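Each chain carries a letter (A, B and C) given by its place in the written order, and its residues are counted from 1.
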Amino acid sequence: MEAIILQVLNGLDKGSAYALIALGLTLIFGTLGVVNFAHGALFMLGAFCAVTFSRLLQLSHSVVDETRTDFLGNPLKVDVYYVQEIFGETAGAAIIDWAVPLSILFAIPVMIAIGVAMERGLIRHFYKRPHADQILVTFGLAIVLQEIIKYFYGANPIPTPAPDAFVGSFDFGVLLGFDPGGIVYPYWRLIYFLFAAVIIAAVFAFLQFTTFGMVVRAGMADRETVTLLGIDIDKRFTIMFGIAAAVAGLAGVMYTPINSPNYHMGMDFLVLSFVVVVVGGMGSLPGAVLAGFLLGIIEAFASMTEVLDVLPGINQIIIYLVAIIVLLTRPRGLMGRKGVMED
Amino acid sequence: MGILEVKNVGKRFGGLQALGDVNLSVADQSVHAIIGPNGAGKSTLLNCLVGKLIPDTGSVTFEGQSVLGRKPHEINQMGISRVFQTPEIFGDLTVMENMMIPCLAKRDGAFSINAYGAMMRDAEIVERAEHMLEDMNMADKRDMHAASMSRGDKRRLEIGMCLAQEPRLLLLDEPTAGMARADTNNTIDLLKEIKASRPITICIIEHDMHVVFSLAERITVLAQGTPLVEDTPENIKGHPKVREAYLGESSGH
Amino acid sequence: MTDQAQHAPAATPKPAAPARAKGGSLLGLGRKDFMLLLFVAALILFAPFLLNPFPAGSAMAQFNAGYPDLMQRFVIFGIFAIGFNILFGLTGYLSFGHAAFLGVGSYAGIWMMKLLTLNVIPAIVASVVVAGLFSLVVGFISLRRSGIYFSILTLAFAMMSYALAYSVLTPITGGETGLQLKYFDPRVLDAPLEAGVTPRANLFGIDMQASTNMRFGAWIFTLNAGYYIAGVVMLIAFYLSIRLFRSPFGMMLRAVKSNQNRLNYTGISPKPYTLAAFVISGMYAGLAGGLLVAMDTQVGAERMFWTASGEVVLMTILGGAGTLIGPVLGSGFIKYFENIVSKINESTLNAWFSFLPDGLQDVVVAIIYPFVGKGWHLTLGLLFMAVVIFLPGGLVQGGQKLVTVFRRDRKSADAEKAAAEQRQTQE
């Protein structure tokens, strides 16, 4: 029983990332009808927003500390963080410690700007081109983005720790009445899941309860009719692309403490996220979320040693296997709508 | 016994009964028209005939063989060709190549790998396709991209492609929809010529009464998924039930 | 299946129709196609010279591409792209998993060379057959869907194959280290090798690595046996693809791309056609994989990674999908520039721009530097985007555009001249 709960929990954090990326992919696909192979790159850019922001916070300059001397008797030079100078020593240290959560504030405007620029500059010209062209051009863009990041940040993963308060694990089992040590779960992963849940809820609420969201949903259902109503749907779609980019970016920001970001993390997640979208049903938002968590959990179960003893390597391919089976038995995915992407 | 027999065919989409209980018999080598107001189930019926839809109940037989459960290409190989409302041709190919494909389908069947022989040196196919193009008065457009032609020419090509297979039954789905009067008349003349020159049965679904009364030998009127009446054009013209169905439609608009 | 289908494609020599095409046929090709074949043959034959334009020992010699290893890659990836074009160019089905077939072919090939003989023939045959069978399975499942679903299914299969080759199938694939030939491999058909000897692939005794150097003054040209063998294979592969493009089968594939609905209602079932195209292009990929093994006698799983699949897509698009010569040009172009651009480093750049004033030189070098050397992939990505955005028809279309512009210029120049003459006579 403990093992099962533990695997479900283990599946949640990866599942959250899948769900967030797949949600953005589906929003873009559903509203703009564009297959965005650069969406993984947006996830990666989000992660590097966190890296950049924490580096900005750690900008420092040398100050001569008169009270201390080095071994030659000269006054000692020490590095002082600007943040600490501005906000005071303790507050500054706390800000640096909380760099990752704080970079959300930094990432939101940056990611929206990137998303809008992408839509205006590139994607817009591909609405009427075949899907193959959309795949190819966004694939090229993904390569470009990841190479730019590689140029500036190098090829090695960059450790970006969570705030000290969230380092360590949480004994989940005790809460449920199991023996201590049975189900131990890192705090940050729990936070990631909660964060993802909040974002997903926010996106759904936004689509459900605002006029803007209503128009977008109508646009997803039938683009031409909405255009006929005289609503400036193109502008709204641009904003939608910005939002999808921000969702992917935030997923990336918060993921950095779980896995140190590197330049190819976007591609790694992209392929799986596409599989998630397809399993969930192209164009279905609940489908994307459901499939994201489902596949994350299935992957976690497949990674159990008990399973691997019987079926070695199954964790590597389980998602693809599930995808193939789903596509062959339910061609539209778990919750796909009729008429979407059926050439 | 007609060449095409439709018996007790019903089709339901969710809560909507698209076809009630359709019985229809198309006599061999006749021109049979199916008319009816919008939403009468004409297109659904046609889709059931060509294998795109499978009816819930009833049977459809062509020359005594059931077509139900067969795929569109199998039904086509039985001898039924279909002309679409908007011309469906191979836009990226030249007119000549468009015409060669049905010729190949006729000779080689639904699938054959000949990846080595040169297409343009296959005298039998080339001759046949050229002959069909001449028949259709399109020989001068031989090397044009099919997509770049006028709608009337596309329609002409599509009909020619269907005829190249020497079908015994030609189904036309509103062949003159969206056409100017002159083009419509040309199409009527073309169909008359086709009928006169070969042993073929034509089943036409049409909105335009002018077309129907110029061509049809028998007319079935469909309303709300069931055949209202079936008769000769002369009798249909004055039929009270038909007027009612059509007046009902026009007042609804 | 009809009678026709039971003949192997090669075994149906059509009774040559009384030549309708003007000028008869050369090797069963029209005049234009035959010229194209000759052009490719000349390219292959003279590549060792064309690709070595710089004298040995000169500063530019490092940009020579005429060494065997690279030239072998030109032709082998040419085969890969030609095969991919049969699927994507003709039917429009975008497969994102073709590298898997290349990889499977490579593994099959190396096992033949481990177990049977160092002669490359069984290895190449096995790689084509195994890749063909594998693509039959993948194609059968993937082709049940079209459009983006098809792309993602093929991608999923390729990723799965890669993951399997990397982990579970380690006994067959060598996992992370891959497979190499060893002197102690069984090789039942060959005499055993002495301990410590590096096994080398051959074709009936011709060593794949055998090279002759030709000297013309300061220039050195390397003629390599493996390269020419692969070159001949590519020429045959190219010839077969021309035949396929011009055949009824090729026309059906274009019809699939153009309008499946009409095809269905013309009594033709598109699925077996697309499956056949998929398998044929899978076999081409397997052939390329087999040849790769025949040349460098090693395999690693990374050759199945999805970026490798992306690369062949790029080659085809860049050259011109759906054209005959496009994939050949595209693969040559990419492999050539990959070689050249990735070799440029900071000091080369500094040397090139040393004629500029110091400050300007630094700026120029700093601007170009990210795009060269290790930054080759950035250039590649930009190139990819540029081609899709501005030149969807690839290099071939670009060339055609240039020709039209050139002709128009000449025409207008002619017209001006004529007008000028006319004016003169009037005066």
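Assume a contact is a pair of C-beta atoms (placed from the backbone, for glycine too) under 8 Å apart; a residue touches a chain by one contact, two chains touch by 3 or more.
Everything numeric here is computed off the predicted structure, so don't read it as measured data.
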item	value
Chain at maximum distance from chain B, centres defined as averaged CA atoms	A
Chain pair showing more contacts of the two, A-C and B-C	B-C
Separation of chain A from chain B, taking each centre as the mean of its C-alpha atoms, in whole Å	53
Distance from the mean Cα position of chain C to that of chain A, given in whole angstrom	36
Distance from the mean Cα position of chain C to that of chain B, given in whole angstrom	45
Contacting residues of chain A [partner chain C, same complex]	35, 122, 125, 129-133, 135-137, 139-144, 147-148, 151, 267, 271, 274-275, 278, 282, 312-313, 316-317, 320-321, 323-324, 327-328, 331, 341-343
In the complex, chain C residues that touch chain A	92, 94, 96, 141, 144-149, 151-153, 155-157, 159-160, 163-164, 166-169, 260, 306-307, 310, 313, 317, 370, 375, 377-378, 380-385, 388-389, 392
Residue ranges of chain C touching chain B (in the complex, touch as defined)	1-2, 4-5, 7, 9-10, 12-14, 16-21, 25, 28-30, 240, 243-244, 246-252, 254-255, 257-259, 261-269, 272-273, 276, 280
Chain B residues within the chain C interface of the complex	50, 71-74, 76-77, 81-82, 84, 88-93, 97, 100-102, 104-106, 108-126, 161, 165
